[in-house]
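Each structure below is given as structure tokens.
Below are two complexes that have subunit A in common, paired first with subunit B and then with subunit C.
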Partner chain A sequence: MRHLFCLLFAGAIMILGAQRPDPQQLLKEIDSNLTSNSAKSTTRMIINSRRSSRTLISVNYSLGKDKAFTEYTSPPREKGTKMLKLKDQLWIYEPASDRIIQISGNMLRQSVMGSDLSYEDFMEDTELAIAYTAIISGEIKHENRDCWILKLTARKKDTNYYTKTLYVDKERNVPLYEASYAKSGKLLKSMKLSDVRRIGSRWYPHKLQYKDELKDGKGTEFIFENISLDLNIPDHIFNRAVLRK
Partner chain B sequence: MLFRLAFKNIVGNGWRSLINMLILTIVLTGIVWMQSMYHSWLSLAERQIREWEVLQGHYQQNSYDQYDFFSWEKSLAPIPQELSKAISEDRAVPILLSPVTIYPQGRSIYALAKGIPPDQKISKLPSQYISHREDGILPAMIGKVMARNSRLGEGDTFTMRIRNIHGTFDAVDIRIAHIMDCPVPALDLGTIWLSLDELQMLKDADNYASLILIDDPDLGTKSYPEWKFRTPRDLLYDLEQVKKTESGQQVIMFIIFLFLAGIAIFDTQVLSVFKRRKEIGTLIALGMTKSQIIYMFTLEGVMYALFAVLLSGILGFPLFYYFATVGFKMPEGFEGYNFAGLSEPIKFVYPPLIVIYCVLIVLGFTALFSWIPVSRIARLKATDALRGKMK
Partner chain C sequence: MFSFILKGILRDRSRALFPIITVVAGVFAFVFYLGFMDGYVDSIIRQNARFSTGHLKIVTNAYAQEIDQKPYDLGFLEIRDELVLWRKDYPAFDWLARINFGALLDVPDSSGNTSGQGDALVFAIDLLAENKDLEYDAMNLKKALLKGSLPQTAGEILLSDLSFTKLGLELGQSASLISSTIDGAMAIRNYRICGTVVFNTEMLDRGGVIIDLADAQELLNMPDGASEIFGISRNGKYDKKLFRQVKADFNMRHGGNDEFDPVMLTIEDQYSLGTMLAFMDYMLWVMNFAFMFLLGIILWNAGLMNGIRRYGETGVRLAIGEEKRHLYLSQLYEAIMIGVLGSIIGALAGLGMNWIFNHFGMNMTSYNRSSSIMSENIIYTAIDLKSCLLGMIPGIFAPLIGSALAGLVIFKRQTSQLFKELET
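Our next item is the complex of A and B:
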């Protein structure tokens, strides 16, 4: 009789194990969907403040984790503003003052163009599988998609957000919702990812909605109007000289 | 004899003399009042800065630069053992700094959190208000200006976001336990005061501090590897610069006041010489030298100033006494200048040196303005003067 119970128990574990993926492997799948060697995109950023909203269009390039370049093309007031990230350094060029400013220290906490994103968020590039350990805490139906609920805990002390919760699309291995928490457990930021489309072998969300949960407002939307992944980007794009061009 | 003659002439001039004296009295009283106000204000500011902030000097963590906001995040180090002992003996007080973001009513405001032991006694900061958590909410204290700028009141709660020394975000609910009337803007503007233990816990920086304020001069004689010592003189450098700037401004005010008095004296002397041409001629004919006559006329001018000194003492006394006892409260708008010494009435003190200095300046200028118009007597011929001619 005892053997029968043991067999049933082992069987149940095997069935559950077969149903639930390895959370760490799931994080790797997410990373492989969302990260690429290089990318070029045109994005529309809709910043919804308390009183109004405004839209900024930018062309963005990225190469690996260390290099990123953004040039704003609209509205006319922001046109020509450029941002260059090289490793952990960030520069901004403003055409109105014709000056290049390095963003460092506390300036990194300030919001990018009045959005819900700080420069720090803009700089964050760590892959989830490297930065966090994960457990699957349950399942949820989110935006009509079956999702795993993933609870992430930082591996290292120097990670920005100590814990995160992700709703990961079971079929496509793409998070559809991400909540970032403070060490105390207070929700700080949330991100909704939608309009998931196929790009080559990966699934990629084309609409992101960031929200600073401590602040009033509707958050900031990111819409990818077009995106190309793993393409050749010339090195001169990531040169400081390009800021003034 | 010349002195007697000069005195008689002043008395003989009647109302004109009295008006001159009154003008000089107003000028002298104004100058003494202004000098005393600046002196008293800067003395008050210095006293307040010393009592609230500077004490007997600071140990500052090596990276700390008071003028560089960006340096504050990384300006922290373990408190040296010897200073820990001084802290426990109430001879020093540690302060930990951390840039934070606060979210009152859903707005985000960048601020500087400062952690201080609530039971400290050596600074005048009323830190006892931030000692106890209520319902798990952290008590905090802010200054009046910060409260006005951030639209916060006593009892208001909000969330504060902070990064610990490793870079991880933490967030905690805060309640404003007290709004202090702090006379030192550096301790008020953009600053939120918390219990040191709580801030150390949030920063994951147990026993760390950014500044150590000392109240015992002997403590400042030692050096510690991660700390630099700043004497009160170093810390009051800004105030010294203000004093220099203010003394420059005072010179301008001085000149304006003296110019007004000078015009009155000058005018009187010109008229006096013109009206008394025959008297001058007679005095020369009687054997008086031109220098003696110039001296007599100049003496008349100086005597106006001497009488003005006397009148200032009598007529100005109620004014001086009022400002020494009741004080001078700066108008509300002056708080915006963000300078110490403006939050409470300035009670005037009149150091003898300042009074003597003002009196001598007024006497000197009066003598100069009296002499210039009468110096032309030197070119006057006795015969022309007797005939009432003046070239």
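Our next item is the complex of A and C:
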């Protein structure tokens, strides 16, 4: 009788365990949804500061993990401002001064155009499955979607955010909420992802809401007006010469 | 009797010279010390009022909460009309709109790449507007200008001479200021360096940049904005009572609860200066008292020594029939005259020394390098009657008390013993 009870209990655990996906595999699924070989998008960034709201429109290109280029087209003050990322280097071009400044050191921690994103966030390119180890700590209903709660811990100590908590849509393998923490456990950034749409074989969130939890203000909305993935982007886009053009 | 004693003091140097020198030295040191300390405190107030706090300051409620961080993003926008009104309401002060912010000074090479960079503490003031002379006076700009000229057009800046030399710049060269707009976006603008300045204040001379207010408003995206409105008293005096009255009146008439409503602060309300000034005031009194006490003991001791040294003389005078009371009083008069004479000479010498340092200043640069207190590198001593009078108090009373105590022995002496004492 005692053996039978043990067998039943172990069986139940196996069944329950089988229902949960492998967390590392889940991270790979998320990466395959959110990362692409190349992308071109037009985005609207709504920055809700303590005093006012501003909307910035930009055209963005990316190629692999190492190359990214952004040009702001609106409002007039920011029009013509460009950012170029090549591997671990980042340059910004400011048309009013006609200067190209390399962003490095402490400047990387500053905000991108006054948003809740830092240049460091902008530079973050490592796939989740490579940068973090994961465990599934539970389930939650978030925005009417069934989600896994994923706890991530950085493999390297110098990662920007040592731990993360993700609510991952069970059906579409897309995170709908992300909280990023310092090593001390302090919440630094949070992000809500919504308006998940199908692009080819992927699910892709079209609206992101960032919040720098250390800053006053109501956060930054990041809306994809249009996005094309895995397309051919000419090489000259990712050349430093393009900044002054 | 006074003229007799005075003649005695002047003619018999062996009797009065040492006590007078002691009084002169003590009073001189005390008057100089008071002049120096007053000059030092004045320097702290003046320098803070000019560059950091004003005698009064108007900021927003939100800015006041985080004033130590100078959060210009919480400053005023579209402030022109209010400023006109405040200037009309409080004409005893010059009201100056300013923006203070941190930036990177980036020097490009011929191809536009960074060739040198340094931290900059930027002071945006009205350099080109109608009231530019007020700022020139308040910041002492004409005196501070070392090389080149003051800005004449938009886009020109003044740079601390130290940064200018360190970065190997030339007058007329272009440099960029990199900072953040009021919205937090990166802001970069190019400026022409038209001159260099030395304020004789370590904190400012390390990386100070002076820029026109309109240029800063454009750089930081603050239309008609200012982070702080400085109120500089027109007579330049630190009048605690008046400042408190104006503050209370302003906050009652113009203050409000919204985070961007204006609020007035006095110099004492900012950066713990109130506590520091109160503490310095208190310490000054404690030190004054201690100094006066020590000086009193020295002079008292000199009076006592004088009395004991002249033990024989008092014996002779008693022996030839002088009354004890008369003798005692003559010693007291003599002590008063020594005290007065020594105090006058000491006070004049102290004043003379204060005048020299008031005129030429005392270089405190090496001390200020390790000090977090904002004061001028050159300290000018104060010249006032108060320090003279305070210095003369111990100078007059201490020898008098010394002589009064030492002289009591006159009343204990027996006439019958005098000849015996004189024989020995």
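The working rule: the second predicted complex is superposed on the first by the 244 of 245 C-alpha atoms of A that agree within 3 Å, B and C clash if a C-alpha of one lies under 4 Å from a C-alpha of the other, contacts with A are read in each partner's own complex, and residues count from 1 in each chain.
The rule is simple: contacts are C-beta pairs under 8 Å (C-beta built on N, C-alpha and C of every residue); 3 or more make two chains touch, one makes a residue touch a chain.
In this text the structure is predicted, and so the values were computed from the model without any measurement.
Colleague: Is this a clash or a fit when subunit B and subunit C both end up on subunit A?
Modeller: After superposition on subunit A, subunit B vs subunit C: clash.
Colleague: Touching A:N160, do we find subunit B (first), subunit C (second), both, or neither?
Modeller: The first partner, subunit B, only.
Colleague: Going by the contact rule set out at the top, does A:S49 touch subunit B (first), subunit C (second), both, or neither?
Modeller: second
Colleague: Which partner does A:I57 reach: the first (subunit B), the second (subunit C), both, or neither?
Modeller: A:I57 contacts neither subunit B nor subunit C.
Colleague: Check whether A:E78 is in contact with subunit B, with subunit C, with both or with neither, and answer first, second, both or neither.
Modeller: After superposing on A, A:E78 lies in contact with subunit C but is clear of subunit B.
Colleague: Could you look at A:R99 and tell me whether it touches subunit B, subunit C, both or neither (first, second, both, neither)?
Modeller: Second partner only.
Colleague: After superposition on the shared chain, which partner residues are touched by A:S184: those of subunit B (first), subunit C (second), both, or neither?
Modeller: A:S184: touches subunit B, not subunit C.
Colleague: With both complexes overlaid on chain A, does A:G114 touch subunit B (first), subunit C (second), both or neither?
Modeller: In the superposition, A:G114 contacts subunit C only.
Colleague: Considering only touches as defined above, state whether A:L86 meets subunit B (first), subunit C (second), both or neither.
Modeller: Touch status of A:L86: no partner.
Colleague: Looking only at the overlay on chain A, choose which of 131-139, 149-157 or 167-175 in subunit B hits subunit C.
Modeller: Superposition on chain A puts subunit C right on top of 149-157.
Colleague: Looking at subunit A, which of its residues have contacts with both subunit B and subunit C?
Modeller: On subunit A, the residues that contact subunit B in one structure and subunit C in the other are 110.
Colleague: In the complex of these two chains, what residues of subunit B are touching subunit A?
Modeller: Those in contact with subunit A are residues 69-71, 73, 99, 101, 103, 105-108, 110, 159, 161, 164, 166-172, 204.
Colleague: With touch defined as at the start, can you tell me which subunit A residues reach subunit C in the complex?
Modeller: Per the stated touch rule, the residues are 47, 49-52, 54, 77-78, 92, 94, 96-102, 110-111, 113-115.
Colleague: Would you tell me which residues of subunit A are touching subunit B in their complex?
Modeller: On the subunit A side, the touching residues are 104-107, 109-110, 154, 156-162, 182-184, 186, 188, 212, 214-217.
Colleague: Which residues of subunit C touch subunit A in their complex?
Modeller: 62, 73-74, 106, 108, 112-114, 176, 178, 180-190, 221, 260
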